[in-house]
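To keep things simple, chains are lettered A, B, C, D and E as they appear, and every chain counts its residues starting from 1.
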Amino acid sequence: MSAISVRDVWVEFGDQIVIENLNLDIASGSFVSVVGPSGCGKSTFLRLVLGQDRPTRGSLTLDGQPLRDEPDADRGVVFQRYSVFPHLTVLGNVLAAYELGESRFAARLFGAKRRAAIEKADDLITAVGLAPHRTKYPSALSGGMQQRLAIAQALAKDPKVLLLDEPFGALDPGTRAQMHALLKPLWARLGMTVIMVTHDLKEAFGLGTRVIAFDKTRHDPQAPGRFGAKITYDLDLTRDSPVPVLGFLKPPAETMAAQ
Amino acid sequence: MSAISVRDVWVEFGDQIVIENLNLDIASGSFVSVVGPSGCGKSTFLRLVLGQDRPTRGSLTLDGQPLRDEPDADRGVVFQRYSVFPHLTVLGNVLAAYELGESRFAARLFGAKRRAAIEKADDLITAVGLAPHRTKYPSALSGGMQQRLAIAQALAKDPKVLLLDEPFGALDPGTRAQMHALLKPLWARLGMTVIMVTHDLKEAFGLGTRVIAFDKTRHDPQAPGRFGAKITYDLDLTRDSPVPVLGFLKPPAETMAAQ
Amino acid sequence: MRRAMNIRPGGGARVLLALMPFLLLALVYVFGSAERRAANPNDKLLPPISEMADTTARMATEPDRRSGEIVLVSDTVASLQRLALGLGLATLIGLTLGVALGVLPAANAMGGPLVAVISMIPPMAILPILFIVFGLGEMSKVVLIVIGVAPPIVRDIAMTVQAIPVEQLVKAQTLGASTWTTVLRVALPQALPRLIETVRLQIGPAFLFLIAAEAIAADSGLGYRIFLVRRYLAMDVILPYVAWITLLAFLMDFALAKLARGAFPWAYVGERR
Amino acid sequence: MRRAMNIRPGGGARVLLALMPFLLLALVYVFGSAERRAANPNDKLLPPISEMADTTARMATEPDRRSGEIVLVSDTVASLQRLALGLGLATLIGLTLGVALGVLPAANAMGGPLVAVISMIPPMAILPILFIVFGLGEMSKVVLIVIGVAPPIVRDIAMTVQAIPVEQLVKAQTLGASTWTTVLRVALPQALPRLIETVRLQIGPAFLFLIAAEAIAADSGLGYRIFLVRRYLAMDVILPYVAWITLLAFLMDFALAKLARGAFPWAYVGERR
Amino acid sequence: PKKSFDIAWTIYVGWMPWPYAADSGIVKKWADKYGIDIKVTQINDYVESINQYTAGKFDGVTLTNMDALTIPAAGGVDTTALIVGDFSNGNDGVVSKTAKTVAELKGQSINLVELSVSHYLLARALDGAGLAEKDVKVVNTSDADMVAAFKAPDTTTVVTWNPLLAEVKAEPGANAVFDSSKIPGEIIDLLGVNTETLKDNPDFGKALAGIWYETLALVADPGAKGKEAREAMAKQSGTDLAGFEAQLAATKLFAKPADAVAFATSPDIMKTMDLVRTFSFDHGLLGDGAKSKDVVGIGFAGDKTLGDAANVKLRFDPTFMQMAADGRL
């Protein structure tokens, strides 16, 4: 179980209202794609769920409990860039996921515990297809490989919620398709709740079970910061019929898999 | 007139042979796409034509004259990154194209000359669609806008040859299509010879009048540097029938324009 | 409890936190001073703040009996002149040499190792040689600053210029640039913001060398005064002078930072902090 | 003619070019020395190289008349001990404080301004206070080095840590890290390569402060010797000592550069030069 | 011929007349009289001033007899002690927090400017108590920091000169163990002038002697004019009138040129210089090439010499002081 509910949330930075009275319920195990124009507050919303930012007003709950107001192991995250540790090898990066949380003082595991962690880490590394590169440093990996590593790392703690902020935004189209092919079955197998921000509508519709569009509904040219973003579209894609929205069709499952 | 011919060219870096006995004639006004696996020597070839690198053996000529062995105003260039000046505005960047060459000591133009240069620069800026941004610094431009600027800059000197090294490699697909739509008519209008390196086969076939593939034909696993790249495919796309190569079809002109 | 790393004090709290250590230091000083005075009413080491204020006021307002000048003013003017000359010259040398080493591979091959070796020589050790070669006037003081401060500037500017992507240099050449115009329009302007940052870093060392030179041969200047009264341990002069030097250095640093941001907005686009 | 910026001297030419300025300097020295000697056969200012070699050999092999020790060796040992202690302590302080200021916003709000102010104080000016607080022994010399060298290290490390993308800190927290484990496994290891680079930059200043402290109160050490024999203008001692200090500084710099590249390969991936 | 001359001075009670003479116009008056130009420059660092003189940047410098022998003379620069201004008569001293007598210094660590007259004073003090230098540990300490050094908890004994000596003696618990009044006439403060320059320009020497004795007359003047002069000198040396007069009291100033001539021609000065050159040789101050203390010759009035007569580099020449005494300037 990992249902998120957002109640009457406002986010303001000084004078600027970024998110205006947001109310949202996300079902456990759903894959929510968040789309919207640049600067409308998508990342802000993600940071809210992550606990990195706090709402100015309103509340967020995870399975009925108030969300901790700082990041924790319940919520995994993959950013567009910088989310792996450059000073650790591929194995070291995934291993760190076990060491950082489980060893409170040394932040290192030894003996049997370490062997067990390495075994789990190796499984994850294999799952994301990085087994041949396990001793390399991130700088020796391509962008796509780095994002795979970031995903492996995020999955290591078995988070209830996985947050993705344009995870494939910097990748070229071929690599992007590979990443889709990797992520979709992983999500299906692990059953966690996923929230993904993306600019790519095809990606949003291809991966998501639900697509949410953020946008400002009102604009005051004299005071652009006076109105925040709201949800302008909220589409459930689990119904098995084509959903025509914004000129896009949900592609049949087969074509997606082939990508 | 701007025909390039390459005769018996070898490029070696120390022990490593990168290009092996290359012979090639490029007709004036053609648009040559160069494709091939990573590290096979595409950029090296481009640097050769540019005059940035020199062949170990062999010779290159432009319109029958030996190519100057350093870059000059005959050959314009757009790299994947870093080819605009971060400390100049959009206008300043294009203006620099006139100032750097025409004013030998101050490298600045004044009075009527300056006004004339600004006028020409503004025309170019408008042509690449950057008119609304002419006083912005490159850091305030998106990646695609920066590449437009680089193109405007490269065109300012009316070079005989335009060299492009993965010019759109770092752009997202939408922007990339816009760039194609910009470049093709510009080339058609100006009639210069273009050599473009790309990893994107669709782009290579969509823009080029000729596609050249580089590859190593022989591999010695014990001594990977012993054999250099040669031309493995050389396709003339100006014939108006579909040319089936590597599983790709030359798309009809209309679809390209729509992209 | 939030993690310590997530606790961000707000505006007011920041100011309070920033002042705290200074207030603490002042308090420790006042108590230490009072205690020493209680033990020895003639103690010179930690004079009470009131005494320092008196001395400072006297030096800053009353003309000196002998020279007729206001000591603090004439000292400051003398020192700042030397500093400005020294730093100015070092900056000029640093920029010219640095850009030359950065742009011309041959110059770099020749000058690079030399500059690297020179920058390792402790300037203080060759002070006697400097005095002989350049005499005891203003020249030797300025030269000490230059020798101490120019090598790091040269190295830093050379590295900055070398870090300009080769793509830009090639691009300039395809636009018809010569070596000279490339230097003038591509290398130099991009080195300038970094130049200011480097010079900022060298303000501290420059003051250090200035004081060292003034300690040996001068008839005015902040360092001269400190060394003159140091013989008598006149801390009521030394401490305000140290504070004044620190303030001057701070102001120069601040002014340069402002200048850089004002003059080269393109170089500070990513800056948020 | 190719443009000057495109002329890249090859391996052999590079070595020749690098040697040229040194040879030139040596030549100028030899001639200057010969000339002065011709004018005054007792001239001490520019002793011939042979004389310097003799003096050096004597100092490096024969025990001193007064102390019975081999002067060059005992001076070097004494100075390096002080330097190692001073730089070591400064490094330790720089790393701990720097990481703390970098990771904890509250610590930065409190300590940042203080460190900024302290780093602007010319350490030489407050020497008398150091003497009285720490005595005239080894302690005050080490403290002078620490005071002069630690603040820039602190600031640099703090800036390095603050430049770690916030994404990484958030990521660490989503992996269950506390502030402490984030420091230990994320901030600290990424600060280490930069730490070595900063310490390299501080070798010069550290020698400077060492020499300044030894000039003022010592009974052995490289700076002590230079300032002692300065009394009788013994350039045949001073010049070799300056060269020796320069060489020592160079070796330390080189060793640290090697160490950094060996220990933190991930930080030097992009390096080509 | 040379028309303009430079002399350098450093802060010390016996040398303060020089800046006063320059400020009050006495220097200009005498220089004009002989049609030359004399510039009087202050150097903060005593050793540096002598180095500059040795390197030829100055034509004259204020210095002590021992430094005249070990720095310019040993460095091959022929120097004439044109003016013998005074000798230290308590201006240099040994001060200790623990020892009350010289004998109690045994085994202690002593802070002083190594190889200076302080070092010499200590050597003479130890000598008198039957100790040798190896019985104590000498720590080189810069003169500017001597006062701070004495305040440091781990410092027990310092050797220094005025005005620092007065500061140190004023510290609570300080004992004056020994001072230069116990070896009168051995620490002599001079104006040294380059012999060659002097030979070529006797007018330079005459002007200097004229300046000096006119100024000294003011210093010795008990009236208002003298007080004003002493006050100015006190200020310049960073102390007050009382402090300056206390220092003067510890100085045997030869206010009358005849006294100076008498001192410079007495046989005692040869004995003193023999002690000084022995000390200097023992400490390696005569250069590493020195085989014996005779290597540098010292000339005295009446063509008497100590050491190598073929290599006389330091000359006590009373000619110009005599001229002043005779009123022939």
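A few comments on the model shown:
Here is the rule we go by: contacts are C-beta pairs under 8 Å (C-beta built on N, C-alpha and C of every residue); 3 or more make two chains touch, one makes a residue touch a chain.
Just so you know, these numbers come straight off a predicted model, no measurement behind them.
Common partners of chain D and chain E, by the touch rule above, are C. Centroid distances built from C-alpha atoms place E farthest away from chain A. The interface with the greater number of C-beta contacts, when B-D is set against B-C, is B-C.
Inter-chain centre distance (chain A to chain D, centres taken as mean C-alpha positions): 47 Å. Inter-chain spacing, taken between the CA centroids of chain C and chain D, is 18 Å. Per-chain Cα centroids separate chain C from chain E by 38 Å.
Each chain gets one centre point, the mean of its Cα atoms, and the points for chain A and chain E are 83 Å apart. Multi-chain contact residues of chain D (touching two or more other chains): 3, 6, 45, 128, 132, 173, 178, 182, 215, 230, 233. Listed for chain A are residues 70, each touching two or more other chains. Residue positions of chain E touching 2 or more other chains: 51, 55, 145, 147-148, 151. Those residues of chain A lying in contact with chain D across their complex are 50, 52, 70-73, 75-77, 79, 81-87, 96-97, 99-107, 137-140, 150, 153-154, 156-157, 159. Every residue of chain E that touches chain C in the complex is listed here, in rising order: 11, 23, 41-45, 48-49, 51-52, 55, 57, 143-148, 151, 163-164, 167, 170, 172, 232, 235-236, 238-239.
By the touch criterion given at the top, residues 165, 167-168, 170-178, 180-182, 184-186, 189-190, 264-267, 269-270 of chain C touch chain B in their complex.
Listed in rising order, the residues of chain D touching chain B in the complex are 2-3, 6.
Looking at the complex, you find that chain E touches chain D at residues 47, 51, 54-55, 70-71, 74-77, 111, 114-116, 134, 137-142, 145, 147-149, 151-155, 283-285, 287-288.
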